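Remarks on the structure that follows.
The letters A, B, C and D name the chains in turn, as written, and every chain counts its residues from 1.
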Amino acid sequence: MKVLITGFEPFNKEKINPSYEALKKLPGEIEGIKVVKAQVPTVFRKSIEEIERLIIREKPDIVICVGQAGGRSKITIERVAINIDDANIPDNMGNKPEDEKIFEDGENAYFSNLPIKHMIESIKKCNIPADISNSAGTYVCNHILYGLLYLINKKYPHIKGGFIHVPYAHEQVIEKKNVPSMSIDDIAKALYCAIKSLKVVL
Amino acid sequence: MKVLITGFEPFNKEKINPSYEALKKLPGEIEGIKVVKAQVPTVFRKSIEEIERLIIREKPDIVICVGQAGGRSKITIERVAINIDDANIPDNMGNKPEDEKIFEDGENAYFSNLPIKHMIESIKKCNIPADISNSAGTYVCNHILYGLLYLINKKYPHIKGGFIHVPYAHEQVIEKKNVPSMSIDDIAKALYCAIKSLKVVL
Amino acid sequence: MKVLITGFEPFNKEKINPSYEALKKLPGEIEGIKVVKAQVPTVFRKSIEEIERLIIREKPDIVICVGQAGGRSKITIERVAINIDDANIPDNMGNKPEDEKIFEDGENAYFSNLPIKHMIESIKKCNIPADISNSAGTYVCNHILYGLLYLINKKYPHIKGGFIHVPYAHEQVIEKKNVPSMSIDDIAKALYCAIKSLKVVL
Amino acid sequence: MKVLITGFEPFNKEKINPSYEALKKLPGEIEGIKVVKAQVPTVFRKSIEEIERLIIREKPDIVICVGQAGGRSKITIERVAINIDDANIPDNMGNKPEDEKIFEDGENAYFSNLPIKHMIESIKKCNIPADISNSAGTYVCNHILYGLLYLINKKYPHIKGGFIHVPYAHEQVIEKKNVPSMSIDDIAKALYCAIKSLKVVL
């Protein structure tokens, strides 16, 4: 089994993105599951194009996108992505779509087809707080998850796909007031445990 | 130089107290500073008596009490303790004082005489979020800090003393909603860095 | 123009539901818009049945369901409802569905067809904090919104429908720690301003 | 009986200060208690000088200072003020003291001599959430409360004094994310109920 896992570029004036920093700490194989890591641009459209390019190249069984959810205190796995882009801040190429559909011919929403509750329980057993989330927002995180699930639905139905949101890393909140954070090591551990738990999908 | 550092017993239905769990991970010596660790009861009066017993036995140069501040996201070092016990929940022996002075002949408050801002900067340099706090509450944490500073003021003026509040450990919030937490390892790292920074006190 | 606006029964041990308490304070007409108020049960299925019964009886142009979002500090208008029931606590008749579709033949999600950003701006101009929300959860609030939009989509396409979440009322948090709240009067004012702004829909 | 109640000037880029806006709504007499209202500068030193000037001119029995605690969701009455100025932002005249004593000959802290728990219960009975607070910070709010209690202690022992912190007003958070707020009317109602409850002090 092969898992493709992606992290984002830093955005919104942050110097790092904890999603990609954590990825760097993952091994290339977890209990027999091959792990392919990649960074994707925090850019509408280009992020989805990059996901499809990686799917074609890597032929993964599972695709997990990881992103930063600044302000959340737990690892959260997203249940659903909705067909809307509505940005409060520009992406890394200056795009700031407002109330635009992601794909005209896509459904209003797609549910992740990963065993998300099973993954959450597995992360919790690894002693990292985790929970389900019912909204990935309307920025690039929701966008890439929607795009991934759209691609799975239209062209790659054998692939399982989903999205994991991670808190700020400690180094990002040193100068912020009262914002929760997690160490990169803890985030990497959560991703490790989530991937390991996917053996059940086989 | 010798540092006496104390953690509390679990209280309020928690199974662990992150203050003492983190202590267990500290070595007996940090860059030439001898580290003596002890657990104190989460009990009014008895906690202060235990502090004095330890001071007499260990003759420390510095005393740091550590306690759990459930809900805070950062390591916080307390600036001050006030002469009041006002408990919302009973302590571990069932005491629940309301609006009682801790020592009739004590001052209204005592400021910690540790270099707290220096310690905070040192913890932050170790990549763990830390901040100053202006209130240790009115439960056993404030009580023990007040007692320690009262003892220093009245009988042991050569000792430096203070209090570090730590967030819930991850394992404590697994079944709680939206509560920040930190790994025991991160908490221990913060304590390590705080103690190491005390070389300037020499 | 006629607006049907509904509030919920109290649930989860609360003595009141701020959604219905605020409704009681609304007049029967707002600047020429007829306002019909109703309470609906906090019960899966029955709440949607009641909505359809009211639609048939009242023939409204617009249906707004209002519900309590304990913990939020602002009035929030929901963008979307998803086709899933996943309850953490039982509803008022003891139902606790887990990961069940609301309608087998429904879409994965429906977007509210009310001018929600216009309504939010109107509430803010009335000096009440308001924001958009991208998730109504997976309890009865999301359930009734999904049901309403499903009915609009399948049978009543001329109706506009949506959902407004309101904070706890002050009286609900008197004995809670650090939970935001709003007065019933402020909540009613927000609903008044939201309805008044719907003249543009005409 | 005469109560002197003060509010602050706006500070830190805010256009209003809810403490003074609420004061404007109070009547000149509450159930036989004369109420004198005044605005004080959000400036170290000058605020205390203004308090003494007002005490000399008005000869009040009770002095209540009111200030803004942005981020708190409830009305909070302060228990204690500590002998320290430690500003994160400049005051309205550009002063930014760091770790400075307020009065060299003052005690480390003074406790409010108002019946604060009685006042809190009274505000709650008026249906406004209220709680005790154990820290007024180290900015101008703590400064003025310390100064007031120092003056009472040294020169005006017949006066009762204290401090009430109020949340942001709604209009201040319209463009902020997820920050609790209260209407000016609710804040004024809380102050009204607090003053009314002081008849017991007579």
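Basically, a residue touches a chain if its C-beta (ideal position, glycine included) is under 8 Å from a C-beta of that chain, and two chains touch if they have at least 3 such contacts.
For each chain, UniProt lists the protein as follows: A, B, C, D = Pyrrolidone-carboxylate peptidase.
Please read these numbers as outputs of a predicted model, since none were measured by experiment.
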Which listed pair, C-D, A-C or A-B, shares over half of the residue-numbered contact pairs seen at B-D?
-> A-C
In terms of mean CA position, the chain most removed from subunit A is D
Measure off the straight-line distance from the CA centroid of subunit A to the CA centroid of subunit B, and report it in whole Å.
-> 38
CA centroids of subunit A and subunit C: separation to the nearest Å works out as 31
CA centroid of subunit A to CA centroid of subunit D, Å | 47
What residues in subunit A touch two or more of the other chains?
-> none
Pairwise touch network: line, ring, star, complete, or other = ring
All pairs of touching chains?
-> A-B, A-C, B-D, C-D
In their shared complex, subunit A is touched by residues of subunit C numbered 79-80, 82-84, 99, 107-111, 117, 134-135, 137-138
Touching subunit B in the complex, subunit A uses residues 73-74, 124, 127-129, 131, 170-171, 173-174, 177-181, 183, 185-186
